[in-house]
Amino acid sequence: MKSVQHPRRLSGAVALIGVTALLVSGCTREEASTPSSSGTAEASPGITDTTVSLGISSPLSGATAGPGSCTVAGLDSFLEAKNAEGGFTFGDGKTRKVTLEYLDDAYDPAKAVANFRQLVNKGIFAYVGALGTPTNAAVMPIANQQEVPQVLLTAGAGEFSDDQQANPWTSGFVPTYTTEGAAFGKLLVDANQPITVATLVQNDDYGTGYLDGFQSAIEGSQVKVLDSATYEPTDTSVDGQVTQLAASKADVLLSAVSVTPLQVGVLTKAQSLGWKPRIFLPSNTSTPATVLQPGGAAAYPDVYTPSFAKTPASPAFANDPDVQAYNTAFEQYGSKITKTYTPHCAWSYAEGAVLGEAFSTMEEPTREAFMTSLRSISGFQAPLLLDGITIDTTKEDQAAVFTVNLVRYNGTGYEPVQGY
Amino acid sequence: MSLLELQDVTASYGQGSVLHGISLSLAEHGATGILGANGAGKTTTLRAISGTVRTTGRILFDGRDISGLGPDRTARLGIAHVPEGRGTLPQLSVRENLLVGAYQRRDRKQIATDVDYCLDLFPQLQQRIASHAAALSGGEQQMLAVARAFMAKPRLMLLDEASLGLAPSTARHVYEAVRRLRRETGLSMLVVEQNAVLAFSVVEHVTVLETGRVTVEGRTDELMGMDSVRRAYLGG
Amino acid sequence: MAGALVRLRAARWSRPALALVVAVLLVLLPLVSSPYVNYQVTTMAVFAVALLGLNVVMGYAGQVSLGQSAFIGIGAYVAGYGTTHGWPLLLTFLLCCLLPGVVGMLVALAAARLRGLALAMVTIALPIVGTPVAKRLSDVTGGSQGLTVSWLDPPSWVALADDQWRYYVVVAIAAVVFLLTRNLVRGRVGRSFAIVRDNEAVALSMGISPYRTKVLAFTLASTIGGASGFLYLAVVQYTSPETLSFGTSINLVVAMVIGGSGSIAGAVLGAVYYVLVPVLAGQLDASRTALLSGAFLLLVLFVLPGGLVSLPRRVQQLLTRRRRRSATPSDDPGDRTGTPVLTSDGRTP
């Protein structure tokens, strides 16, 4: 009989221990505030005269772990390197060192919300750079309700940037999908000749955003879309769609496929059908080593992709001082978090510089002052950004980076293009 | 009126027909043994009644045609099948197995009385009451299977090869208990058995099957007198 | 020996006493703890309900289901739709249970004739199909960007913060669901689940239709899953196709096994594991959470094959073994996990 009762008693105890552990790690109801001694305005949580604490929750495990880890590693590299130089100079004349708390949400919205609350509970000043559309979408209403900055997000969905009135505490960093699509459209329109296009996009708002940007850019021009197809991210093959599109014999294939193996499939299938259009690839599936080389991209007359940051490993930038600084900092700090490079490492490194820029004009140690400074950056040349691309946070409906350069595959890496 | 009546029943697994038109009848409180060689169709006859094999012909239980009903339906009508190979619930204790047998019943007090009766019938089970069924010996499992079938308060028990794989003394033990069960409760039974001596200890009527057909039937004492039966099933 | 006796006697009154202590703690907890802790404990309640549903079909009825996340997702979407369209709370909740229940039943009607791997494959189809469907029905679901709601704010007559109010609502509903399910699995229905799980032939001979029993188990599981979807939306205030994803289902199965399958307490412990271990792993090293969680999983399965719920029995077993080193092991099968459901009801018929 006792063996029947015992487990319940002790399992209750185990549950209690769990709750206790949470209580200990999460402390109590009183707000953990660290007031600054000076200044006219009372300091926000997470900032003192010598330190400021930032937080981020990104997928560090699971399918999106690669890009997610990079959003932490690149940012951490910039911040730590700057700390080692003495710290960030703020608009109120003080110099502060920045600490970055990072947590793993495995691309799970519920965990992202938990992590956000945990970070706020620990007293972070701002939540920065997090990757993922669903995770950030879940955090957004809470951040805005609690008036905690949720800024410079590494998410291509438009919703984080397109309505600053509704979400004054949220901002995006990387160009939206619409921006990428529009860049392709503009390139074709600028060629000023009749061009035919076939499109393949993901059947959701990622694909819709891409297509919307593209179509509004080509409106009224000589560029014509002959045929369109969609796929599901869970599809195992897009051969059928490619075969259908190949029948159009279009000059250009806009292949907004976000799944790496499927994108490789597009490149192999089209050429096996004898259809060799110019190819436009989105920025998230255009890495030479994992997409272009396995897909045999060299067979196509041209492969374009949007880009806004330099590739640190590329020989073309070997002598670039920004790249050298990045490589040193990443070697020392970022490589502890991840060793695999994705463009997100470079992006989040640049994002660190944007934060520094905002700090430099921030005159009071408050979240309000931070948001004001962050929203008034324009023409800022952040490190690692391609020539001609600058940070502009003053647009009400755009991410901090809203221009992209198109680059062309040259058989090994990418090089700038000047036209179609 | 007889409790169970089979009229020209055939049964088949897939294409091969196993029963070719069997008729038999069992009176209320009666017990009939089904004898026959391997493959004669003994087990299939029980399956035909409990509804686990496809049949043609008529099977009347208490005047109602039950052919075509699934095993769960026939069980609810009061037919308890103790299958070959026992079929106890290994993860559950002996007591739990007995209670499982009473699943369809709601008379809690009587269930408790019946559990006690089963344990009195099979004292070995009393000693293993808290053990997993998996831990029981073959004989104990067979006893448990019979007891569990009894717990359903059936009107007819189908007992299939209860002696299979048991030591002769254990098998005798099981059949002694079955005989007592019949004597004390008047439970009707259809008993399939290779060992005719054991079967004869329980039943009053016997039906002999050969390749899916009834060849001989009659009262036990009549058959005992028949040379052919004696030679074939009683070892002389 | 005397100590054990005292403990045994203590156990008799300590169980209701402990239940009371736990209840009081659960009531007081949100008043003193931070919004973060409240959020986490509320999340545990949500997943405890989800795991309870999974436990009904997998633990009690023994049928593999890899589709539980789909029902959470459907429940959450129904709740989201109801909220944005101003349906009454009770109606929303009932529909959150009903719709996933109907979907689960329809799938089960087709799938319950299958077994083992074939059945598992059919249940996988739910999240696999559900995710793109949720993305496509963007008018209802908000597409892949998901559905954000602002919902379940405390009424004006209650002096509670959002997190506290939601905690009470969610924990109260979860408690009721647990109570109902507990009564169900301890009764006749639970017994039929156990019989079908252990031996379908015996089930048939007892007049139980395994097919109908399985359909019932799936329907219950999906209904409870839908209820947890309602709670999920109440806590997270957001849902997206990710909620339905297959990965969530797998994690739920893992959490159920870790907690202890076929056990009510196991569902709670599984939820504690589901929520707490990633947090603890994140505190140790945020960039190695998967590795640390995996290590913990293996550790639990090696040391406690019956799940966390078997921990006390295991400890007791080890203590007893040490106490009488040379004695032969007892006949009582001590490694028995919390699976059979007949014990409590069955012992006193």
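As written, the chain order gives the labels A, B and C, with residue 1 at the start of each chain.
As a working rule, contacts are C-beta pairs under 8 Å (C-beta built on N, C-alpha and C of every residue); 3 or more make two chains touch, one makes a residue touch a chain.
Computed from a predicted model, the values in this text were never measured in an experiment.
At the centre of the protein atoms shown, by the Cα-centroid criterion, sits C. The greatest centre-to-centre gap from chain A, using C-alpha centroids, is found for B.
The geometric centre of chain B is 42 Å away from that of chain C, both derived from CA atoms. Distance between chain A and chain C, defined via averaged C-alpha coordinates, is recorded as 35 Å. Per-chain CA centroids place chain A at a distance of 72 Å from chain B. For chain C, residues touching at least two other chains, in rising order: 332, 343, 347.
Interface residues of chain C, counted against chain A in their complex, comprise 8, 11, 14-15, 18-19, 22, 25, 29, 31-37, 39-41, 43-44, 128, 131-132, 135-136, 138, 143-146, 148, 150, 232, 235-243, 247-248, 263, 265-266, 268-269, 272, 275-276, 278-283, 286-287, 289-290, 293, 308-313, 315-316, 332, 334, 338, 343-344, 347.
Contact residues of chain B toward chain C in the complex are 50, 52, 70-73, 75-76, 80-83, 87-93, 95-96, 99-104, 108, 111-112, 115, 130-132, 135, 149, 152. Residue ranges of chain C in contact with chain B, taken from their complex: 188, 191-192, 194-195, 198-199, 201-209, 331-333, 336, 339-340, 342-343, 346-347, 349. For chain A in complex with chain C, the residues that touch the partner chain are 1-12, 14-16, 18-19, 21-23, 25-29, 60-63, 65, 69, 72, 102-104, 106-111, 113-115, 117-118, 120-121, 133-134, 137-138, 140-142, 157, 159, 203-206, 232-234, 336-338.
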